[in-house]
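Both complexes shown next keep subunit A, but they swap its partner, so subunit B is in the first and subunit C is in the second.
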Partner chain A sequence: MLEDNVYWALEAIVGHSNITRSPAILESYAFQWGFEIESAQRGEEPSRFGQRPAAVVLPASTEEVQAIVRICNEHNVKFKAISTGMGAWAGISSPRSILIDLRRMNRIIEINAKNMYAVIEPYVTNAELQAELLKYGLMHHAQGAGPQTSPLASHTSFAGPGFTSPYTGHSDRNLLGAEWVVPNGDILRIGSFDQTGQWFSGDGPGFSLRGIMRGWLGAYGGLGVFTKAAIKLYSFPAPSDWKWEISGTIPHYDWKVPPFWKLYVPNFEEWEQFENALYELTGQDAVMMATSSSAEGLAALFTDTKMEAIEVIFAGLLAKAKRYFIVLVAAHSEREFKYRDKLVRHIIEKYDGEDLIETGDISPRPSHYAESIRNMLGGHAFRFSNCFQSTHGGMDCISLAVRIAQENRPVKEKYIDKGVIGDDRGEGIWITTYEGNHMAHLEVPTVYNAADKESCMGYAEYQNECNRVDLERALGMPFFIVGDKIHDIFGQRTMNYPRWLRRIKAAFDPNGVSDSSHYITAQGDE
Partner chain B sequence: MNSDILNRLKEIVGDDAFSRTINLTFPHGMELPSCVIHPSSSHEIQQIIKLANKKSFRIHTISSGFPHHSSRGIKGHEYIIMDLSKMNRILRIDVKNRVAMIEPGVTFELLIPKLESAGLRLLLPLLPRAGKSVLAAYLDRVPITIPRFHWDSSDPLLCTEVVFGSGDLFRTGSAAGPGSLEEQWSSGQAQKNPMGPSQFDPYRLIQGSQGTIGIVTWGTIKCESLPTYHEVYMAGSDTIDPLIEFSYSILRRRLLDEHLLMNDVYLSHIVESNAYGCETVRSSLPKWILIAGVSGTGPIPLDEFEYKRDETFELAEKHGIELAPALGKIHGEKMKHLLTHSSLKNDRNSQSIVVSKKIFFITTLDQTPFHVSKVEKCASEYGTSTDNLGVYLQPIVQGVNTHCEFDIYYDSSDQREVRTTERFIVTASRLLLDLGAFFSRPYGAISDMVFEKASKSMVESYYKVKSIFDPNNILNPGYLCFGRGNQ
Partner chain C sequence: MTLQEMEEMMDSCVRCSKCKFIPQIAIRSKRFSHICPSIEFFNFHAYSGGGRMILANAYLKGRIELGPDALHVLYACTNCGGCEVSCKWVYDLEPNEVIHEFRVKAVECGLGPLPKHQKYIELVSRVGNPYGEATDNRSIWSNGLELNTSPDSNTVYFVGCTTAYRRPEIARATALVLSAAGVNFRVLGTDETCCGSPVYRVGDLDRAVEIMKKNITDFKKKGIKRIITSCAGCYNMFKTEYPRYVEHDLEVFHISQVLDELIDDGKLKFNKDFHVSVTYHDPCHLGRMSEPHKPYDGEKIEVISQVFIWDPPKPVRQGADGEYDASRNILQKIPGVKLVEMERIREYAYCCGAGGGVKSAFPEFALWAACERVAEAESTGADVLVSTCPFCSTNLQDAIRSRESKMRYMDLTEVVLNSLEGVE
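Presenting the complex of A and B:
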């Protein structure tokens, strides 16, 4: 509960219509995908309902956010900001906390087409930004969470893979600057904006304050509120007279594929061929997408319904798909396409592979091309059980990704045998490369039944075991290593990094008001 | 400095790596250090930093000569020079993952041929000094000449091992772990992911810090495959605008390797070392020059080279730009050599009396003509001929922004010219700062101007970061906004 005077002070900032403590509305904010796993990991009854916030406020400007944060400091109220807010990390962890819902801050501030950057507010979605950028023949790095989610959230605060990562990289490395209300209420404008009023660079003078704001994983909203972000843009490979045209009805809609775009599914017998082929192809900065999964995953990606996916799986894909990756070549011109097409074919042949599209084992439709670049394919993973989550996540290079896949299989099979997670024969993985192939990561999407207690508990146990495997066998840092307890466990074999993170937290959040449940506290887990 | 401290330092590094004879060239007005030491390991560096914290002396770190012509050094404090030039091992070259792990004393002239023999190329700045530390250059975010490989301003620096000013050893990025480096290698890793560990990016705090946060003891560097085919073309124009428009269209496509623009003065000075040679070359050139490298690598390299070359020429033609393998008296082969090698000419022991001072900052490419016109006007007010004003424009971060550099050439034997040049640089820098130039790598007097202009919250944040990693202000006091050793 908040004292009335605190509530009224917040109301005075945002206005009567933009604040609430109505229990029904608060309860809706307490409902999140992933809470059921976090509660299970804490040894509690799995539930999608988390902590109910004491109030929800909807500011319209940076100044209003700043005023809210100052009130929180003054009255010892914790806060967390959300934009499109998808996942357990969008929730708060203690009763004396408010949620700052940034949905009113939804403007695209600037598209600098020449210099290829955009400045956005928190509630701009990937879909909205993409639609505007297409007018300039541009695209951005949209995270795998989908077109309905906030690119600002991903670029400033969260791990940032996407289906187009070979071409557009990772969220952390696409950020050019940010406007940031730090937990004590100060406003920081990182990079060139502070000096010049322009957003073209996020680093300096001297060192870069991007170093404290997010890291590889993102601070998950544990270190203040980001109110603007400048992000890099990329050329959308289509002729200037090509238009985005959709017809039909979801899920069977049609899309006008740009000329010089083509999907391939190179499939190989063994990991060694797969690894060599993936290295060689993605090393050329010639593909928009290079991603890998299981036979089940491939069927889910390139079909429109669950039944259709199951039919495709048993029609032969299960037997045929071994070690494959999906490649999207998206070229600007015929000349460029011819080179890239020849490159893909050359590599398939060199490593004794075959293209599962050419053999007719899988047939992506035009809509799947659109979903590739809209990052909607990830949503297909929800199709089998209405729920999935990922374990592992180690990010370095392709060799590591392959190793994690191999180490994961027997672990996953154990939980499949227990009947608590979806049966993908332990093969279900997702690999993507970044920046050509200068980096790669693997995660293991795993379906479970969110309505079933045993399944939630079983998935939680599987995730914990995967974390232990990653830690003991040096397989990189997994996703979701957040919060004091698990930070301290991983810190023991990772240069004791939590001590530095805690010092940053203490310096920039002296009153500990920015919710630390998915970040770290200054004091540790007492 | 207290003899106990000196003896302890000698004990840590050994007699051979300790010297009280100062053989380095120091910037004018800088106080001399108490000694120079050459540590050989991160363990020694840790011991030295811990001693500095305990005994309150300062450390100025160098790896290949004095850090910068504008360095002011340390005043009012006892300090030592920690020279890392003897930590010069190439620890690992991983061809498959295109990465090299090197110590800070590894120089461009050492690393370039080693990588070439492994089939790799280093992403080079323009004509780096042969004896320059590779890590020092990348830690300072010196721009590279191939914008398409410059995804983030931090490239090509990846992971590092660092001893913070507190004396703590740390590894950044995926090198942090879990596990030792040996365990990481055996699980297939190559220290390629610079981000993290976890929820912060310490490499971004070390890079650009001018040695004020920690001392890097090794780093991994992103490399690229050595091209099978590689040609360099040039185009000229009497005005810069057409070259800029063409640059924008081609930067989007990531077709080119080397991509840089410069004026005739700058180009003539990098290809020739004497006044007559410079003038001969310059008179053969148009006012502005674009340099474009095209390459082919990988399994079908000729196909890649030919398509990129043809696309490039087609785009150039659309913009009315004539790309050619030679321009004036400069052939593309010569340019290719310059772009793929380090420079002996720019070495510190150069005896030339015609030298240059630089002004450099970041802006966007479309704003560079404005900055150039302002600097030219300012130069004329100081009586500095535009014949002595070199301009180098380097698109970086895949074309999102541009490193803009002015080189002012002057006769170092003429004291009047030296003083005029110095005054001009201060005035022009102030003017540029006011006009929106972003001095992201500020040194000396420019650093003061930049931090005077910075917001209070920004400067306070810098002090917070400094207090976390170097709480006693041991490392390089006097750099950035960190005063001159008295915080």
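Presenting the complex of A and C:
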């Protein structure tokens, strides 16, 4: 509970209609995807209901956020800010905490087409930003979490690979500056803005601090509030008179595919061919998308409904799709397209592969091109059971991604045999290359049933085992490395990096008010 | 399904917020990316489709009580179904159905609906319409009209309360156009009573089912086999909701469907140009909400570990089979009329803001939502905003006045009438 004087002080900042302590309304902030796994990992009954915040505030400006944070420091109230707010890290961990819901801060402040950056507020979504950028012939990097999520959240606070990563990198690499209300209530504007008034560079002139504010993975909301982000833009490969046009009716929409775009699904018998082909392809910096999953994943990506996906799986895709990756060539001109098309075909031939689209084993529709570029394909994985989560999560090179996939398979099969997770034969992975070279991200999406206790417990156990495997076999840091406990476990074998994170936390958050449940505390897990 | 039976479904929500937006693939601008008027107006997550599922789930699990705040969240929703269209792009969840069942539960517990709703429900019970108007005035709209109606026809033009008492221009235009096309029909006059829509939408299921039974009995007694409505809400009730609770074999048509067919059959011919640019607003109850609830008898089977399907396949009510084309077909056939579309159309059309008991209980919110829709209509550059529902008509016209918009509002039947020389 908050004392009345604290509540009234917050109310004075945001106004009566932008604050609540009504249990009914607060309850909608206590429910999160992933809480059921975290509660299972703590040995509790799995539940998506977690800690209810003491209040929720809806600020409309950086100044209001700053005032709220100062009140929290003054009265020893913890806080966490959310933008679109999907995932366990969007929840709070102790009763004397408030949630700062940033949905009223939803402006695209600037689209600077000449210097190719956009400045956005927290509640601008990927789809909204992309829709506006297309009018300038530009696009941004959208994280795999989906088109309805916040690019600011990903760019400032997460790793954020996505489906266009071969072309646009990952979120961390695209941040050109940020406005940051640090946990004590000070405002920092990092990147070139402070020096020049323009956000064209993340590393100066002016302070970068990107390593401080996010490190490798981001602070998951545990180190203050980001109120603006400047992000890098890319050329959208389509003619200037091309427009995003949708026709048809749900679930089978049609989309006007830009000229010089084409999807391929090169399929290989063995991992070695897959790996070499992927290295060679992405090394040419020639594709918009280069991503891999299981046969089940392929069926889900290029169909429109669960039933359709299941029919495709059992129609033969399961036997046919071995080691494949999906390639999207999106060229600016016919000449560019011809070169890239030739390149893809050459690589398929060189490594004895075949294109599963050409063989008719899978048939992406125009709408799937749209979903590729809008970063909607990951959402298709939810169709199987309304739920999945990811384990592992290395962001390293293609060969490490392949190695994790191989090491993961027998581990995953154990849990499939127990019947607690979805049966993808241990093949369910997501690999995407990034930055047009040898880099790749891998995570292991795994279907489970959130409404089934045994399934949640089983998935939680599987995730714990994956973390142990990552550590013992040096497979890189897990994607969702959150909280003191797991940081400390990994820190033992990685130069004790949590010691540095804690120093940052202590310096920036002397009162420990910025909720650390998915980051790190200054004092450690006692 | 009862709320209890929906618990597993509610546990499956991943709080992704897709329910707040039109299907992501359809987003063409930031300005018109939203689908849910309620979350846009009230901002707290509880006021979204997903938020209301969490609320219902929390209530079911005993975590919250149905107090005034919870009731505010529950009823400050037009129950327009937009959230469900976007959600079902990926998930097997039915947030709009949850909202309705939660309202039913609130009424069962004696806590719902809200006082404004109770007042009009009492009026429906007492005088057969939610406006408290005298039954004798139900036919005033036809005064002075020379209609070619047939008292013994088995086809009835069911005028509906809002059209009869608040939007008589729609009733007049509908009746005149039907007459001009030589349709053999009758009207019920003072024998017509409320279809039950305003009662049903706020969760008073028992009373709504009583009304449904009474209407069906009356129709049978009068030998009626075919109903034509000019109100999307009445259409939705007879076509989609009645069959869930009352057996009937009546054919139900919306006026747009009837006119589209009459034009195709050459029975209705336009003989006057109407040079105007129009944009069309899909009423929720004619569009996504009119998709039938097909009876289903099957079971859930595990086809792959932790992946369940319905055997036999369960029909998915996703909005695809709503009525979207009839009105557009008609508008495109009228000489001189140019149809320009808004960004949010068909199954992902933005709600006018009036439905689900919102216009009576939350007039400020209703007007705000209608202003949003009119702003979108204005952005097309059209001169006229056309729709085909008296409830949308009232709210959108309120917004046109409030915004001092240069747009004009016309019902589809008025546009048709305007293109028929010598019919008035």
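By definition in this document, the second predicted complex is superposed on the first by the 521 of 526 C-alpha atoms of A that agree within 3 Å, B and C clash if a C-alpha of one lies under 4 Å from a C-alpha of the other, contacts with A are read in each partner's own complex, and residues count from 1 in each chain.
We take it that a residue touches a chain if its C-beta (ideal position, glycine included) is under 8 Å from a C-beta of that chain, and two chains touch if they have at least 3 such contacts.
Since this is a predicted model, take the numbers as computed values, not measurements.
**Q** Just checking: does A:18 make contact with subunit B only, subunit C only, both, or neither of them? Give me first, second, both or neither.
**A** A:18: touches subunit C, not subunit B.
**Q** Just checking: does A:5 make contact with subunit B only, subunit C only, both, or neither of them? Give me first, second, both or neither.
**A** In the superposed model, A:5 contacts neither subunit B nor subunit C.
**Q** A:350 in the overlay: touching subunit B, subunit C, both, or neither? Say first, second, both or neither.
**A** first
**Q** Look at A:250 in the shared chain and tell me whether it touches subunit B only, subunit C only, both, or neither; answer first, second, both or neither.
**A** Second partner only, subunit C.
**Q** Looking at A:503, would you say it contacts subunit B, subunit C, both, or neither? Reply first, second, both or neither.
**A** Once the two structures are laid over each other on A, A:503 reaches subunit B alone.
**Q** Between subunit B and subunit C, whom does A:240 touch in the aligned arrangement: first, second, both, or neither?
**A** After superposing on A, A:240 lies clear of both subunit B and subunit C.
**Q** In this superposition, which partner touches a larger number of subunit A residues, subunit B or subunit C?
**A** For subunit A, the partner with the higher number of touched residues is B.
**Q** Applying the document's definition of touch, where does A:205 land relative to subunit B and subunit C: first, second, both, or neither?
**A** First partner only.
**Q** So in the complex, which bits of subunit A are touching subunit B?
**A** 112, 114-117, 137, 169-170, 172-174, 176, 182, 186-189, 191-192, 194-198, 200-220, 222, 232, 235, 279-280, 283-285, 332-333, 335-336, 338-339, 342-343, 346-347, 350, 394-397, 399-400, 402-403, 435, 438-439, 470-477, 481-482, 487, 490, 493-495, 497-498, 500-501, 503-504, 507-508, 519-520
**Q** Using the touch definition from the top, list the residues of subunit C that touch subunit A in their complex.
**A** Touching subunit A: residues 8, 11-18, 20-21, 23-30, 33, 43-46, 51, 54-55, 57-58, 61, 63-65, 67, 69-70, 73, 85, 88-93, 303-309, 313, 316, 318-320, 324, 346-348 of subunit C.
**Q** Write out the stretch or stretches of subunit A touching subunit C in their complex.
**A** 18, 20, 22-25, 27-33, 48-49, 56, 58, 84-86, 101, 103-104, 108, 124-125, 127-129, 131-132, 146-149, 244, 246, 249-251, 253, 255, 296, 305-307, 310, 367, 370-371, 374, 376, 379-380, 382-387, 416, 419-423, 447-452, 455
**Q** Using the touch definition from the top, list the residues of subunit B that touch subunit A in their complex.
**A** Spelled out, the residues of subunit B in touch with subunit A are 96-98, 141, 148, 151-154, 169-171, 173-174, 176-180, 183-184, 186-193, 195-210, 212-213, 222, 225, 248, 251-254, 297-300, 303-304, 307, 310-311, 362-366, 397-401, 433, 436-442, 447, 450-451, 453-455, 457-458, 460-462, 464-465, 467-469, 479-481.
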